[in-house]
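You will see chain A twice below: alongside chain B first, and alongside chain C after that.
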Partner chain A sequence: MRVYVLRRLLGIVPTVLMITFVVFVMMRSVPGDPVVALLGDAYDEQDAIKVRASYGLDQPILVQYAIWLGKLARGDWGVSYMTGRPVLKDVLVRLPVTLELIVLSMAVALAIAVPAAIIGALRQNTWADYTATTIAMIGVSIPEFFIGVLLLLVFSIGLGGLLPSSGWTYLPGTCPTMVCGASLWGNAQHVLLPAIALGVGRAAILTRLLRASMLEVIRTEYVTTARAKGLSERPVVLKHALKNALIPTVTVMGLQVGFLIGGAIVVETLFAMPGLGTFGIDAIIARDYQQVQGFALLTALAFVVMNLVVDLTYTFLDPRIRYA
Partner chain B sequence: MAIQPIRGGSLSEAEVTTAPRVAWPAPAERSESPLVQGLRRLRRSGTALVGVVIVVLLVTVAIFADVLAPQSPIASDQAHTFARPSWDHPLGTDQLGRDMLSRVIHGTRISLLVGVSSVLLALFVGVPFGMIAGFYGGRVDTLIMRVMDLILAFPIYLLAIILMVMFTPTAGLIGTMKVTGAIAIVRIPIYARLVRGSVLSIKEKEYVEACRALGVRDPWILFRHVLPNCLAPIIVTTTLGIATSIIVEATLSFLGLGTQPPTPSWGWDLKANISFIQANAWLSLFPGLAIFVTVLGFNLFGDGLRDALDPRLK
Partner chain C sequence: MPMRSSRLATLILIVVACIVAAPLLAGAQTPKRGGTLRVSYGNEIAHLDFHTAPGYEMMWVAMNVGCGLVNITPDGKFVGDAAELWHTSPDGLLYTFKLRKNVLFHDGTPVDAAAVKFSIDRLMDPATKSGMRSFYDSVHSVEVLDPASVQIRLKQPYAFMLHMLAAYRTGLVLYSPTATQKYTLEDRKQGKPEAVVGCGPFKLVEWVKGGQLVMERFDKYFVPGLPYLDRVVIRVIKDPVTEMAAFKAGEIDFIASFSPDHVETLKAQNPRAQIMTGKETTPMLAAMKVTVPKDGKPMSRDRAPHPVFGDLRVRKAIGCYGIDRKEIVKIAFQGHATPWVGMNPPGTLDTVDVNYLCPYDQAKARALLAEAGYGPGKPLTFELMTNTEKSVFSVIATVIKEQMARVGVTANIRLVDKVSWMNTTLNDGPWDMYVEDLLSLITLDSNAYLSNSTSTWTHPRHNDKRTDELYARYARELDAAKRKAIAREIQEFFVENMYWNNISGSPFYMVAQPWMKGYVYNAEFEVHYDRVWLDK
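Right after this comes the complex of A and B.
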């Protein structure tokens, strides 16, 4: 098991290198020159050449990538062309915001999906089941930003500004500057709507998958056996059925991480949150190569690590699965 | 004693005409293909029919958008900005005084065009590659699947967003084609993998071996015998894929990276009107509802197709 994890962790390296390299090459083939944008009206050919040289932009792409990697190995994520701030610092400030959003949205998704799927599967073809499946169908068909807009309409505008429509209050301890009003209550108010907006779609997908695999599992012989030996319904459902039904669901949730990253970008944009999503999209649009590289590196890492976590969850859900 | 016809052994003339099948088999009816059986099952599914109706309606709206839209979707009217829904403007007007109903109707075109054509494009590239990889195996397989895995290794939105920045979003048909291309690229591996998986099992079947023994050429085997047998999962994934592509298009367009204005696009309209949501809630509501109904239609249709074509998945 330990060897397996180690091997997988090593396997992360080439994947992350590949993703960052492709992003590197793609960003540099984007039409337009960031130096021109940086110098703006003060553009002058001589200055531009100097600026290019100072950022190493006059080197061949492969050399540039090697330099970036070399710096990365020493913990230097580069400096943003536009803001002049170190990328790592910016990323670390924004990471907690996005992490909080994603973790809470997954919590929202699970809180909705698990009960809904269990009820749907145990009472198949009843009104409860039809209601759960219909709502799930609607849920998978609404893009995150539209759920966000609906939530805004109800909670920020409709109910007299019950919850804020944009901005952020940091959790105590994650505040990036010396002066910022960090509070738990303020943070909860700001994160609630985005987390629901991002979580509802996931909940819908999860409900559909989990219901389907629950339906399969509760017809298996070991569930019949568990019932026959007089086990009460609760452990039968939660310990025997649910745990086994979760395996295919977890696989698909792992594949959903790519969509979750996109969802985070959208939801953060909609609610104007200072997270990684808005950081990434702003950097890509401004062609701030260093920031984009930092964003791509972190996303790639998150993506690959999540897939590893998914694989490791299997051993917990089904002890028969062993990795040698 | 009257002569009795012998029973059991032979048949009298009368018996032959009433029961011909006893003596010799009736000409065999051509058995229904699984696809036809599936479509027959589809007709009985209520939710799938709702999906079909929604999709057909949307296609009609997209085709006849010029006739159905009461006004031009891009003509601004400075005298009537932010008009509330009324008889003249059933869905109101936006900040430039453009008729929202006309914009929503014309938006159907972009949404369906990108949704359907990006999936078809991904299909036409992904399916042949998947078939070749699965059928020939070896180095060809490794090479093709490495490239596909490279694309799959990307979080889908990261790749789509960077591709759109590379293509530089523009308005009109060219702009639409760029979005189509970006979405198609990120979706190619899905079809390649799907088809490769099916081909791997189909190529071991006896009928493929029989073809080989008869000296049938590979392309003929692939297109005449292998492809039709992995069609069901392709059809289902395609229909559901259109729904996903429409959401991706709306999301890109929401982020300002889709088809650019003045071309009407639902995602863009929704985003542009969020700034005015306080006083004019309906402006963001209608493009959003349009996206929702479209995606729902394809999802219902796709779900019904899956239940019909692959009963094991039900």
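Right after this comes the complex of A and C.
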């Protein structure tokens, strides 16, 4: 197991390198020059040449990448062209917000998907099943921003400001600002709508997948045996069927992290949250290559680590699975 | 008798009610101290070095953290800021400012003549790379007469010196020499409060990019009793729908720049909201490229006419007669803008209505195109670039495309993001026409750096030296009546040559909650929170 984990951790290195290289090249292929955004009203061709040289932007792309990697190896994630702030510091400030959003949206997704899938599978081809699958289909079809706007209209405007429409309250002890008024209740109020907006689409996908998986599992012989032994339906479903049906679902959950990060960009922008999503989109718009690299590196790391965690979860769900 | 006593009782009741209500009514208009003003910006602040950062969002912070020498009122009068009095020599070459005695920077150092000299010298230093530098071209030197008197000596008269000091971009923002020398440019850009030291009513407490900017009352502000607010908190909400939801829910008090597309919806949702606007000061234009580099090298001085719009007849056919400005305003702005051919929008100083020079006339457009060699046998096609910064740009581009089709011309729309647009236009890249609204203009003079023949920011790259001569004459003329005549000449000249193809004014809106009092609307030029108070 330890060897397996070590091997997987080593495997992260080339994956992340490849991702950061692709992003590095792509960003420099996109029209637009960070120096133009940086100089703004003071733009002057001669100044632009000097500034470009001072940031090493006049070097060949491979040289620029090698310099970036060299700095990264020393723990230096670079400095934002626009603000002069260290990128690592900025992404670490934003990370907890996005992490909380992703974890809670996955929780929302599971809270909807698991009961809906169980009901759908146990009562196949009944009105309950049709309702669950129809809602799942609608959930898959509606983009996050639309759900987000609907939630805003209902909970922030329609119900007299029941929940805040935008902004963020940090969890106690996580506030990166001096003036922030961190509170658990305030945080819960701020994260609820974005987590639902982001989680509903994922819930729909998981419901469909888990339902299909459950249908397969409840027809297997060991479930029939469990029932024949006189076990009540509850442990049969929750202990025997669900646990095994969850394996393919967990795989998809890992892959969904990538979609959640992508969705976080939209949801954070809509709800004006100070997370990694808005950080990434602002960096791309400003062509702040250093910040974009930081964003890409962190999201790539999050994605591969999450998938490793998912793979390790299999051993818990199915003790027959062994990693060597 | 009972009737009479009843009337008497009513009268007494009215009198008593008036006596009781009078102080209450008066009290409602007496500014209250304290509270936090919650402001929403639609765009992120680039950084916080006020002398170099681009964007209005930064400027609106600079105007409150910083102070300058003078400010300008909505009716164009100058009022002292750190300067108490000022005097201009009869030849217009010397501006002497007498400073108030009690003005302090937030670090406790005095705002004296040396500090004024330090700030202006810094702005004029090419190494600072300030967008304001070109506005100081007329300045010869700044001299300290005594600690409370500073004199700006000009190379030639400059009629807009006070306008420039008050409201060209940020206006002059004074920096504490002590803090500026002690901390680095990077410290200021990052918004470290100890590095960003001004002399305005609010001091910077913190700025977390993507989070919030917090300013707090500066207790030693030189105007007694001001500011009324304890704190101003600025958040960025990019999505107008979310911004409206936050406003409706009472989470924000003030939207510093609101999308014109959503004004009607906001009005319907919030009948008591204060929606502030004025005559447009920002031009919405469909610029046409006039020359291209002959040798293919961007920014080359060796120029050739643009293959399409290098021909004045084509520029006039398309830009002057081929565009129905009224239709664009009706569709893109729901009528909330002024169709305007002149380069100076309706709210800008010395504006002149020259709409008569370009009536919408399809026949004339077709005739000019035919004269230039275009027609069914040789159809004209050009690229119409616009960017994603404001949705209205794409709407205007779509209407222009439709209008071009009416005169047998094909306009292919290319939608790019703002940075790509800036990159293409500033670097003399390939483009034919673009739709954009550039920046707000308080005077025609402030438009010189976007339209003379030498500026990098003159995107069409016309190389007509006559524009420079006209602008120079305009800026140096100290007689207001004569200046107005030159302003007309400039605006007619630009239309006649189609170096600047204006569509309309671009409306600007600010929105405040009914309880926000004391704010004086002065478009994008002066955004001050020092007299704002909260009636709640």
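We adopt the following convention: the second predicted complex is superposed on the first by the 322 of 324 C-alpha atoms of A that agree within 3 Å, B and C clash if a C-alpha of one lies under 4 Å from a C-alpha of the other, contacts with A are read in each partner's own complex, and residues count from 1 in each chain.
Throughout what follows, a residue touches a chain if its C-beta (ideal position, glycine included) is under 8 Å from a C-beta of that chain, and two chains touch if they have at least 3 such contacts.
The model shown is predicted, which means the values in this text are computed figures rather than measured ones.
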Clash-or-fit label for the pair chain B, chain C on chain A: clash
Chain B versus chain C as contact partner of A:5, first or second or both or neither: neither
Chain B versus chain C as contact partner of A:85, first or second or both or neither: second
Chain B versus chain C as contact partner of A:258, first or second or both or neither: first
Which superposed partner A:157 touches (first chain B, second chain C, both, neither): both
Partner chain in contact with A:111 - chain B first, chain C second, else both or neither: neither
Contacts of A:45 with chain B and chain C, given as first, second, both or neither: second
Touched partner set for A:149, first chain B, second chain C, both or neither: both
Contacts of A:282 with chain B and chain C, given as first, second, both or neither: second
Contacts of A:37 with chain B and chain C, given as first, second, both or neither: second
Overlap of chain C and chain B interfaces on chain A (superposed complexes): 30-31, 149, 152-153, 157, 269-270, 285, 287
Contact set on chain C toward chain A in their complex: 44, 46-47, 52-55, 129-131, 133, 169, 185-186, 189-191, 205-206, 208-212, 214, 231, 233, 235-239, 241-243, 245-246, 248-251, 269, 299, 416-420, 422-424, 426-427, 456-457
In the complex with chain A, residue positions of chain B that touch it: 47, 150, 153-158, 160-163, 165-166, 168, 243, 247, 250-251, 254-257, 267, 270-271, 274, 277-278, 281, 284-285, 288-289, 291-292, 295-296, 299-300, 303
Residues of chain A touching chain B in the complex: 15, 18-19, 22-23, 26-27, 29-31, 137-138, 140-146, 149-150, 152-153, 157, 257-259, 261-262, 265-266, 269-270, 280-281, 284-285, 287, 292, 296, 299-300, 303-304
Touching residues (chain side chain A, partner chain C) in the complex: 30-34, 36-37, 39-45, 47, 82-85, 90, 93-94, 149, 152-153, 156-157, 160-161, 164-168, 176-180, 269-272, 274-275, 278-279, 282, 285-287
